[in-house]
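Across the two complexes that follow, subunit A remains constant while its partner is subunit B and subsequently subunit C.
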Partner chain A sequence: MSKKSGRYVYCVADSGKSVNFGRIGIDKGIVYTIPSGNLCAVVHNCSKPYQSKDAEKVKGWVRTHQNIVDVAGKELGTVIPLSFDVMVKGSNKDVMNWLEKENEKLMDIIKRIKGRQEFGVQIFLDRKIMGSKIAEKNKEIQRLRKEMEKESKGKAYFLRQRIERVVKREIERGADLCFKDFFNRIKIVADDVRVDKVKSSDMLMNLSCLVHKGRIGELGTELGIIDDMEGFSVRFTGPWPPYSFV
Partner chain B sequence: MAINIDEENLKHGLLGLVIAIVEIIKDTLRHQAMERIESGRLAEEEIERLGSAFEELDKAIEDMKREQGISEAVHSVRKGLDDVASDIVNKLVDFEKWKGVKR
Partner chain C sequence: MEAIEPTREVNATLVDLLDRALDKGLIINADIIVSVAGVPLLGVSLKVALAGMETMLKYGMMEDWDEAYRAIAKKECGGETLKESGVKPLALKAQAQTS
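Entry: the complex of A and B
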């Protein structure tokens, strides 16, 4: 076992305990901790990185990786999850040296994420609903509509286009205001918020939130209020290990 | 990698692309027309004629999309182009969104 020339690292834990988790690792590797001072690395021995063209195989590896981060978190407390396929070259001694050298940085991260979990928050906006609400209230649109009724076919066409343009502009303005409002509300409850790229045109915002365990209920309440607003819906996922914040 | 070409698929894809381009040109022309109307450079009957022409063009394009069953293909070409454009714009102006947001 110790002949293998590298250590695959799942996570770093806020514990100096020596634990053997058994054969639960990727490709049935024996997962154990390498303690160094007040920290330990959760590893298994391996000789080369995990790469494959078979997407299903990779997905399986990633799932195992996530599972071990969860198991380690339950056993050892706060863990800094590493992304899939991180290896330290060399023996346990090299891992210990790495932990020692990076101790200060790692402890800072631990302090930041201790007692906290990551949640995914995606807020969707139905622009059609927002558009019809705007059209009901907006004075400019109402004026253009009245004008359109009186006009001949050709001129009415351009008035209709102008109405559409105003509606579109007001939807974007409204969406922007909501974005800032929701962001600020979530920011009060979360310790840290990361803005990710939206994945579809109906997605208004895509956030990763680092939340203290004691404040998850508050976040849920805030999101409930947003979800109840007409035209908005919220997808709330987690808890995840804080991958986005380490 | 082999590409599967199905004749019906190819027709839909190609027609979808052509109509998407026609729509984009039409949108540009309409934008131009509206600018001229708003600047007051066009006479009443010119506006009327232009409006009727656009109305008919809109209808002709919609009919063709429905008859050929290419609405989805056109939509996906335009969405693809929109995504590319908004990606570029976002890269340039994203920080604007953060003005007024306390981080």
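Entry: the complex of A and C
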């Protein structure tokens, strides 16, 4: 590929403005917009994708990518963030052709995300706390415990194992009910919710929520209620550009 | 009860950003994309560095990458590079994700 024969695309914005943001891009690239009708692509000129085995370097690039999306959002309004390291081959004309060809699809996305932001919601469950709460209330467990007190060591051992199985089963049942309950509470406040994979055994749910700017406080209130519940804690991140909803 | 405020403190939310900017975001029409093997490979090396291979595999987070990575490796082992074969790695990634 010849030198600078590609355009690294940070995002597409809901604006036909021509703007030069200066040397703020990845590897100090000059970031500018390529307008086409009512949309523009925020780009810098580059010749090849960004690759490195150095994790720190990549983290820096991703942060810069994010920073440009933020800056573009402030200056141009609604933006569709692109995944890191996506380039259009060719010149500005090719980017314009692409914007024109995909106009309808891109406008649909803009309409869907306008006035909204993405938030990450991760809810953690302390299974030990939930287990002891269940053990206090569950009649089957209480009955087995009483039985255990009367039995010999050997029999008591098997009863203890049975109790552990019941507790485990009840924890999973409780976790499932909480998942549904929390999901429904969040769904009411959010315009859209994506369920992502949990990242650790104590993570009950990992959601990306698309929320209207006017309802962020409501989401914070719902999450505050959950965070106050014994055995649960909430991690609330954002606002992110709507990466999960484009 | 107090409402919770969202955070975007740079260091505390780096993983959240990487999850989004590397795995999500708009992927544009495949025939004009140049983004090559770098995408899945970057994802792998970076995420392994952050979370450790074992954890990633345990929670199935590497599966998509792994499949794309294998597909690329298979091509290369067959004496045919991606460039020569004309196969776009991003299409491979998409295939891996939908399979």
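Operating definition for what follows: the second predicted complex is superposed on the first by the 243 of 246 C-alpha atoms of A that agree within 3 Å, B and C clash if a C-alpha of one lies under 4 Å from a C-alpha of the other, contacts with A are read in each partner's own complex, and residues count from 1 in each chain.
We adopt the following convention: a contact is a pair of C-beta atoms (placed from the backbone, for glycine too) under 8 Å apart; a residue touches a chain by one contact, two chains touch by 3 or more.
Not measured: the values here are computed from a predicted model.
**Student:** Answer with first, second, both or neither: which of subunit B and subunit C does A:G220 touch in the superposed model?
**Tutor:** In the superposition, A:G220 contacts subunit C only.
**Student:** Using the superposition described at the top, determine whether subunit B or subunit C touches more residues of subunit A.
**Tutor:** If we count touched residues of subunit A for both partners, the winner is C.
**Student:** Thinking of the overlay built on chain A, is A:M148 touched by subunit B (first), by subunit C (second), by both, or by neither?
**Tutor:** neither
**Student:** Is A:I30 contacted by the first partner subunit B, the second partner subunit C, both or neither?
**Tutor:** Neither partner.
**Student:** If we overlay the two complexes on their shared chain A, which of subunit B and subunit C does A:Y157 touch? Say first, second, both or neither.
**Tutor:** first
**Student:** Check the residue A:V71 against both partner chains and state whether it touches subunit B (first), subunit C (second), both, or neither.
**Tutor:** neither
**Student:** Which parts of subunit A are in contact with subunit B and also with subunit C?
**Tutor:** Overlap of subunit B and subunit C footprints on subunit A: empty.
**Student:** Could you pull out which subunit A residues touch subunit B in their complex?
**Tutor:** 152-158, 161-162, 176, 179-180, 183-184, 187, 201
**Student:** Considering only the defined contacts, which subunit B positions touch subunit A in the complex?
**Tutor:** 30, 33-34, 37, 44, 47-52, 54-55, 79, 82, 97, 100-103
**Student:** Write out the stretch or stretches of subunit A touching subunit C in their complex.
**Tutor:** Contact set of subunit A toward subunit C: 1, 6, 9, 12, 48-53, 55, 58-59, 62-63, 65-66, 80-90, 94, 98, 101-102, 109, 118-120, 196-200, 208, 216-217, 220-221, 223-225, 227-228, 234, 236-240, 243-244, 246.
**Student:** How about subunit C: which of its residues touch subunit A in the complex?
**Tutor:** For subunit C paired with subunit A, touching residues are 1-8, 10, 13-14, 16-29, 32-39, 41-42, 45-46, 49-51, 55, 59-61.
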